[in-house]
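Right, I'll just put the structure down here and ask away after.
By written order: A, B, C and D. Residues from 1 in each chain.
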Amino acid sequence: MIIVLKKDAEEAKVEKLKENLVNRGLKLHLSQGEDTTIIGLVGDTTEIEPEQLQAFDVVETVKRIKEPYKKANRSMHPQDSVIDICGKKLGGNHFQVIAGPCSVETREQMVEVAEDVKASGAGLLRGGAFKPRTSPYSFQGLGSEGLKLLLEAKKATGLPIVTEIMSAAHLDLFDDVDVIQVGARNMQNFELLKELGKINKPILLKRGMSSTIDELLMSAEYIMAGGNEQVILCERGIRTFETSMRNTLDISAVPMLKSKTHLPVIVDPSHAAGIRFMVEPLTMAAIAAGADGVMIEVHNNPEKALCDGMQSLTPQAFDDVMKKVKKTTEFFGKVM
Amino acid sequence: MIIVLKKDAEEAKVEKLKENLVNRGLKLHLSQGEDTTIIGLVGDTTEIEPEQLQAFDVVETVKRIKEPYKKANRSMHPQDSVIDICGKKLGGNHFQVIAGPCSVETREQMVEVAEDVKASGAGLLRGGAFKPRTSPYSFQGLGSEGLKLLLEAKKATGLPIVTEIMSAAHLDLFDDVDVIQVGARNMQNFELLKELGKINKPILLKRGMSSTIDELLMSAEYIMAGGNEQVILCERGIRTFETSMRNTLDISAVPMLKSKTHLPVIVDPSHAAGIRFMVEPLTMAAIAAGADGVMIEVHNNPEKALCDGMQSLTPQAFDDVMKKVKKTTEFFGKVM
Amino acid sequence: MIIVLKKDAEEAKVEKLKENLVNRGLKLHLSQGEDTTIIGLVGDTTEIEPEQLQAFDVVETVKRIKEPYKKANRSMHPQDSVIDICGKKLGGNHFQVIAGPCSVETREQMVEVAEDVKASGAGLLRGGAFKPRTSPYSFQGLGSEGLKLLLEAKKATGLPIVTEIMSAAHLDLFDDVDVIQVGARNMQNFELLKELGKINKPILLKRGMSSTIDELLMSAEYIMAGGNEQVILCERGIRTFETSMRNTLDISAVPMLKSKTHLPVIVDPSHAAGIRFMVEPLTMAAIAAGADGVMIEVHNNPEKALCDGMQSLTPQAFDDVMKKVKKTTEFFGKVM
Amino acid sequence: MIIVLKKDAEEAKVEKLKENLVNRGLKLHLSQGEDTTIIGLVGDTTEIEPEQLQAFDVVETVKRIKEPYKKANRSMHPQDSVIDICGKKLGGNHFQVIAGPCSVETREQMVEVAEDVKASGAGLLRGGAFKPRTSPYSFQGLGSEGLKLLLEAKKATGLPIVTEIMSAAHLDLFDDVDVIQVGARNMQNFELLKELGKINKPILLKRGMSSTIDELLMSAEYIMAGGNEQVILCERGIRTFETSMRNTLDISAVPMLKSKTHLPVIVDPSHAAGIRFMVEPLTMAAIAAGADGVMIEVHNNPEKALCDGMQSLTPQAFDDVMKKVKKTTEFFGKVM
């Protein structure tokens, strides 16, 4: 961490700042320029926030050099992390497709979709039981009943299941869930992240709608700091000024994340686009950019879907996409 | 709600759509143009999401006419809501200043700051006991111990207290808190909002960093739909491309919210700017734009603050701002 | 275009509005609902702006149904446009790589880079002679001297050249340029666009840093309305809150643009990312998403580049990328 | 400027970098930490761009300490600049209201509006003759004919006129214009800025829709570097994700700009909001935040306005706002 002092910084105040820093156990390294003085901090600065130091009157600016995340940092763990989900691998050169409906609705729907996506080659089944909806008057999901239907679909097909948690209070209900998803709106629900750090189960952490890449990594760090290092990151589109799509898929986040962290990175083209016809090209782009998986919404009757029908593929359309996914992952050297 | 059909919409599919709509208890009103057909929906469309209808192949676009919030809607409640906090009024022509440190640190700090801000004219005391921090390695707040210190400061000064909740699991600890704050990161923590809807206590709901005005109102609606109508909205800056300030204060949100809802609207200039010298001009702008209150960070020793020191005012600086706040609110016809 | 009237719209004022609309040569189609009245406009609404109609007190909201662009609209021209540049085709299934330095610096540099990129398989040569720089104190480009050096490189290699224009006043100097580029900052320099509409030469139109997809198409329409229909669109990254990359590449813009327009769409991964290591994955993503070409910065000595060195590839690195580009375009059914 | 080297930077490459820096006439100041080495650059770094230095492999990051603008910098010119427009002062404690229609339409309209706004207390008259329109099919303004009508309105009322230029090629037509406006879309039309730097006339420079505060100051610097130091900056709303207003007024830009530059700063509440009812509260907020003026759209018949009718005030509504403007500027210590 580097502190640039103000040009006309008062001597006594600078001393007060230095004292504060030394008391934090840091070594200081001064560099006196013509009109700027720089203090380099040597030691563990992970716990220091630039904002704290900027409270000192004499400080012009503070710049962090090292990333504030440790366990998620690739420099600490150069090899790609590979997550094992009931024997299915995700990460490294292993590519997985997670497919299923936005929300769990009926037993028939879940089992039918599960069988369809399995037949097309999906490796994991998704489905929402607890649904974060903007409006209190929208369908809120079947809750624990939905989790039961998901487990029946798992039993029928053998596909591991991925589903979203909305509160740590529900954690007991997720015992048989294979991958717990944290949605974009809860990416900085730190109390939830802390609880998920205490369990031993893969966590699919979606990037918040307007969270930076570094904030996503800090949220992963919350889970990892608690002891659970099985975190899968998911880029699902960010909020921008563009209104012709639901969100703007930040495809650059894939190579950028992979340079910063060893954790696997997947893409959710369905939520990013919000429009059916874009799911295929964005899936292809995700594979080409180096993603370790994709998450695709499939519904056996999109027009009757209780949510997000406009972005769901029919099982037939999904099957067509999967044929291309298989060839394309192979072309880019991934194993499905 | 208006549905515009595609130019070449197949008759049979349009019938299927109409049937679906009628089954939802809606009356349809058709309008056949040269190359567009429009279906107007008559009835309660609050529970319908445009995305659901767009799943139908024949639908070109869906436009909501009425806002999806009811209880928060000014059209349902033309007079300004006035919230009573231990006898202090907020809303209508009543203006309140909420002041105090970012985080509760020690008994001395809290009591000292509380006495100072009271002497300067603040009506409520703020202080964070549970702190949402981007990094798991940053100071996380004193938790329940912090709540006790806040209550001691309340006892010493008589100022009602405002403090943030991060999980519904902590709700029991908030029994003696006067106003419960929901932070920007939890604005769409719907499980928390639902729980807050069940209690009888004012809720200070901060706008999410990248939440639209309508999403803020929908989150207020979550609380109100549960039965708790004492919601205070807070604009605290949104995330944009501009990097010279911490956030971009959306001052237009004040008159826009006041036209859409009867709920009181306050502004947090400290978090919006993130820089001390901007607190005063942004406070003045908030009053001028019609806000019902402001929330200002004050610390007796900003350089030793455990968080956000760079935006905290000293008690002396706060006192100077308050002298102007008193004159300015009076000029704009508000009562403090 | 659809006009929704306010619930309590005064009869006389509605008549005034209707009169205004009829005087514009439009037919009106009324639809009276329970609490909303809708006026559908039949006829050419291209010249009407929603804002104009919203000036009427009785109007609640105005919604455009048809896109306001005509010549760029795919519905008017279902086949992909293919642009011919000195015999090289771009668009349809023809993919082109445009490569070269950010700015033209010396004869040696230009000829050397041109020979290198040609050897690696680039189809067109780029290089900036007039440079739009944020600071007046930065290198502003060699101007007309730079254009001469570009033409020498063209002579030496046979590669058609692409270079940016910054003012219609310079148009005479661009007689021998093969493709004229309009930079992001000039995407809405309408006076320039009008002049480019009068010539007969391909125009490479870059999307503005914060322009919507529809605004990009409207700018293309400015050129096309003047008679020059040879427009190539270029996605080069948009401005968002994310700071770890220079810009956020909006990869979804590729399939979205291709659904809305027949014009070819290329991607500039160098400017989007602003960092060397991301050029290759973003190039792959662009191909996978359906782009018709890419524009890549190559410099024979990036450390001595007078601008944008940090995103320029060396000729060797470019050659590696091109080997993958050839295989990948072939895999996705494109011809180079 | 500070350069942070990579941890494992190769000695020989570091030497190459140092040589490059010394050749630019800079003195280097090294600071060797445990795992980071920092090079501080002493001398004039205005012409150096961080991107250039980041092209060097050994560079981890580059941080500018001093702002890259000189003439606009308050540190070079601590007193507020006051611009004199035909004897009317703008800046320092002088507040001006610029009012008039979005576009010049007829002689009657211009003279009528001019007389009205003068009677209400406006100091300058605005009106667009050359209009930047998103669509080539929208009304493009009356051009030179419009300028004549503006001059007639000036003759009739004595109000100095402010009008927008869209191309340096039109400069001759602006001889009798008192203040030349550069619109948001042309804020980085550098060729135009350079030409405006050569004349001796106040320039009203509007902030680009997604330009940072520093970019605005760099564009002002373009004009000032040419010799014309009469630049008035205008905040007119930025583009964000929020859709309930046309733009998001960045009110914080007012105090932030005033801390960075000595140039006067005005606000355009009409374009920022795009909705009539918000013009008054945003005008009040602008005054309270310290703006030196506002620019308000007034039309004698908004429903017949050829553009932007929905945000124009009638002369009566403007008169009401002006009564409050007079009292409020006085309250905040400004002179009109």
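The rule we apply is simple: contacts are C-beta pairs under 8 Å (C-beta built on N, C-alpha and C of every residue); 3 or more make two chains touch, one makes a residue touch a chain.
Because the structure is a prediction, the values reported are computed rather than measured.
When every chain is reduced to the mean of its CA atoms, the largest separation from chain B belongs to C.
Pairs B-C and B-D differ in how many C-beta pairs touch across them, and the larger number is found at B-D.
In terms of their C-alpha centroids, the spacing between chain A and chain B amounts to 26 Å. Separation between the centroids of chain B and chain C, computed from CA atoms only, is 39 Å. Centre to centre, using the average C-alpha position, chain B and chain D are separated by 31 Å.
In chain D, the positions touching at least two other chains are 210, 239-241, 243. Within the complex formed with chain B, the residues of chain A that make contact are 16-17, 20, 46-47, 49, 51-52, 54-57, 68-69, 132-139, 166-169, 185-186, 188-192, 194, 209-210, 215, 218, 221-222, 225-226, 239, 274, 302-312. The touching residues of chain D, counted against chain B in their complex, run 210, 212-214, 238, 240-245, 248-256, 259, 272-273, 277-278, 281-282, 284-290, 328, 331-332. The residues of chain C lying in touch with chain B in their complex are 2, 4, 27, 29-34, 36, 38, 40, 42, 60-61, 63, 65, 210, 239-241, 243.
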